[in-house]
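Some structures to go through are shown next.
Here come two complexes built around chain A, the first alongside chain B, the second alongside chain C.
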Partner chain A sequence: MSHGTQAPAGADFEPTTWTGSVRKRWLSTLPPEKMLPENQPSYVASWIYVFGMLTIVAMIVAIASGVIITLGGVQWFHESSTGKFFNSVHYWSVQLFFLFMVVHLWGKYWMAAWRGKRALTWATGVLAFLTAVGVGFTGYVITTNFNAQWIAFEAKDVMNAIGVGSVFNVTNLGQMVTFHVAPLPLMLVVIVAMHVLLVRKHGVVPPIDAIDHDAVAPAAAETESAEVAS
Partner chain B sequence: MNLLAISLDQPATYWQLGNSWILISVPNFIMIMIMLALFVLALVLPFPGGEDEA
Partner chain C sequence: MSRESRKAREAFYARPWTGPNRHYDILKEGAIALLVVSVLVIFLSALFSSPDDPALTFKGWATDSPTNFYATEVQQLAGTSGTATYGPPYNEGDGPSLGPLTFQKWGGVTHPIDTANDFVITPLSSQVEPNDVTAALKAWGAATPDQQTKWAGDYDTALQATADANGDLHIDAVAKGDYGPVPDLAKGVTAMAVSGAFDNAMTGQGQFFQTDQTKQLLLMGDGSYMDDKATSLNLQGNTWGMMNEAGSWPGQQWLAFTSVWYQLPAFNAPDSATGLTRTLTDNADVWIAAILVLLLITFTFTPFIPVLRDLPRWIPLHRLVWKDYYKKHGRQAA
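And now, the complex of A and B:
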């Protein structure tokens, strides 16, 4: 890019640098009105569409409380009342995370949410679920109580049976703590971010019986949409 | 000690259907029932501000 000149904002320009190319591609794939929409189609006004966001909120609470108890340390969150509180917040936010995610999964399964070129959105959702199981599993294992030991020794046989026991040693507490607090949650956040960006790109999946017009109509056109439907 | 609190510091009770392989812990059963109830309620309860399609 030449000095002293600015490429026009928006995607309508010919990039000459890699940063310009990335911006052009980003803006043509996810323009601001798709990235941060002002309206949603009228069918989104249903409780079943709330569970994806509830899952993300529970995940944010789980991560925030997890960071707090990690910084506080084991003794703090086992012995002080404040520490016990955040330990409980961490545990119950994870319970809610999985509960909301399962309802979200059921909702999307029964409306065949992979329709309309949304296969990758569905696939990243599956990947997020599997990664979350890994985060949850390592979390259970590192509590080191009898339940955790039982889970670890059952899982050890699974890991050995599928041939990865030498890499993922579930009875190695230090390794499980590392997986639980760093790589697995990071992976989960990245996958969930991709999932949300794909939802933004392709739009929220319409119900199976939604009329074509409704499937693309913003909420601003609700009145018009209702007139067509009635 | 709050008498209303459920003690979680003990093994869960399990329900088994006769002598079959169908076996589930009460806590897991409760969680599945809550999820099913939420799913059904999410489909049938009207959404505040949502428009009536009838």
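And now, the complex of A and C:
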């Protein structure tokens, strides 16, 4: 039985395995101080920055309430006050999720948040919005009420017109429930996770026309940073 | 801004930040946000509940609008209903097109619907019927397809001809003619719907387990019953119906970028229109889908598209976000 040496901390080592290579890559790209920082640039000081976090927590509430509704079934909320309550929680968390997301998205547009090699962060945000629309849509067509009847009847024309109606049948309740509770929310969570990791990797974009503090007065910048931290 | 200075600024923005920092606890912010949103959601749920307008039924349709249900079933037998003439994936046909491209045909007929059998004959045959309806079913089954089509087509034409100034049909005023068993079939299926048995026949479709509502939903949409209710609730596409929902609820506001196109006159041409607006209106779904795809691509690649990527600099809303920073540190000269 051999005793391996203690794994070196951080990314400062030569990997000898696939696992090691992945760990080195991960720690080089997203060291713990970037992943879970205790400081942020001083310009991250506006209410607009809160909407990204609000979007994520609204998504968490929507997923949690959705899981509970799934346990009761799609018709639970017609016949049970408990089911109705969780359906309401699901409904309002989704409303807030989209509200926060749209504010976050427009905020990032007017901040030109794609600057400094952050275009992929922007693109994953757009993709997250698109996926969320899909999740929301499939949610509406499985409510087994008049809204579901009308939305499914109308939406089938769009799906058929673009050629996907034969495989994505919005008038098939069983298929739509599957899409709503499994692949689409999973896609959304994965895309949002990628989006957050990219934000952590690149950091929050500096203000438009921000000062190059290194070039202007590096000593002053360090002093201010120390004062804020203390 | 010159290309060189843009590149230099991009390199600066991409660098790790070396300016002043502030203390920040991401997990604490998340925990507080979760608490605030949870309380807000529970408050809204307790105060407003959530929408749940009951689903329409065939019994309700046949009871409230028996003539409309009757006429719709005649059209199913005649093959003139919306579903019977829809095209793929329900039956042979074309569907809307984007220029030479007819995407709807590409998938083929994957959910075949024979409106006469699926919407009239099979439900009627699923239960014991009065003698006149049983005889009508027998006569229909014994006739050739051409004979069936002639009977039902002639009766459909005669029934539609009874429309008064309000568009209401009058079954008693249908001109005499050889319509075979069609009137008895239509009368029988309407009576079946009024009794509630038609709902069971359509939802079960002869099976114990059934989770596909395609057939009953298409039939429900062929008449004016569901359409009229949607109109009364402002749910039609050209009244922002894609975003609205039944009742006073927020609806799907996030679909505004989709819904807005359905309000344009170009996609709402009157029946008398010809030319481009006729083409756009008849194929609105596929044209609007194409527009949305282009918008989505544009939106995704905004960081690389001149003007779009420059608007945030030209319309300086960002000064509100970073006003403290600019006040303290000023701005980098261009």
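Everything below uses one rule, namely that the second predicted complex is superposed on the first by the 205 of 230 C-alpha atoms of A that agree within 3 Å, B and C clash if a C-alpha of one lies under 4 Å from a C-alpha of the other, contacts with A are read in each partner's own complex, and residues count from 1 in each chain.
Here is the rule we go by: a residue touches a chain if its C-beta (ideal position, glycine included) is under 8 Å from a C-beta of that chain, and two chains touch if they have at least 3 such contacts.
The structure displayed is predicted, hence computed values, not measured ones.
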| item | value |
| --- | --- |
| Which of chain B and chain C A:Thr144 touches, first, second, both or neither | second |
| Contacts of A:Val102 with chain B and chain C, given as first, second, both or neither | both |
| Chain C versus chain B, contacts on chain A by residue | C |
| Partner chain in contact with A:Ser46 - chain B first, chain C second, else both or neither | both |
| Chain B versus chain C as contact partner of A:Ala11, first or second or both or neither | neither |
| Partner chain in contact with A:Val67 - chain B first, chain C second, else both or neither | neither |
| Partner chain in contact with A:Val189 - chain B first, chain C second, else both or neither | neither |
| Chain B versus chain C as contact partner of A:Leu27, first or second or both or neither | neither |
| Contact residues common to both interfaces of chain A (with chain B and with chain C) | 42, 45-46, 48, 50, 95, 99, 102, 107, 229 |
| In the complex, chain C residues that touch chain A | 9-10, 12-27, 29-30, 33-34, 37-38, 40-42, 44-46, 48-56, 88-89, 95-96, 103-104, 106-108, 110-111, 211-214, 217-218, 220-221, 226, 229-230, 235, 237, 241-242, 245-246, 250, 252-255, 283, 285-286, 288-289, 296, 299-304, 309, 312-313, 315, 317-318, 320-322, 324-326, 329-332, 334 |
| Complex contact set, residues of chain A against chain B | 42, 45-48, 50-51, 95, 99, 102-103, 106-107, 222, 226, 229 |
| Interface residues, chain B side, partner chain A - complex | 31, 34-35, 38-39, 41-43, 45, 47, 49-51, 53 |
| Partner chain C, residues of chain A touching it in the complex | 36-46, 48, 50, 53-54, 56-58, 60-61, 77-78, 84-85, 87-93, 95-96, 98-99, 101-102, 107, 109-112, 114-119, 122-123, 126-127, 129-130, 132-133, 136-137, 140, 143-150, 152-154, 156-158, 160-167, 169, 171-175, 177, 202-214, 218, 221, 224-225, 228-229 |
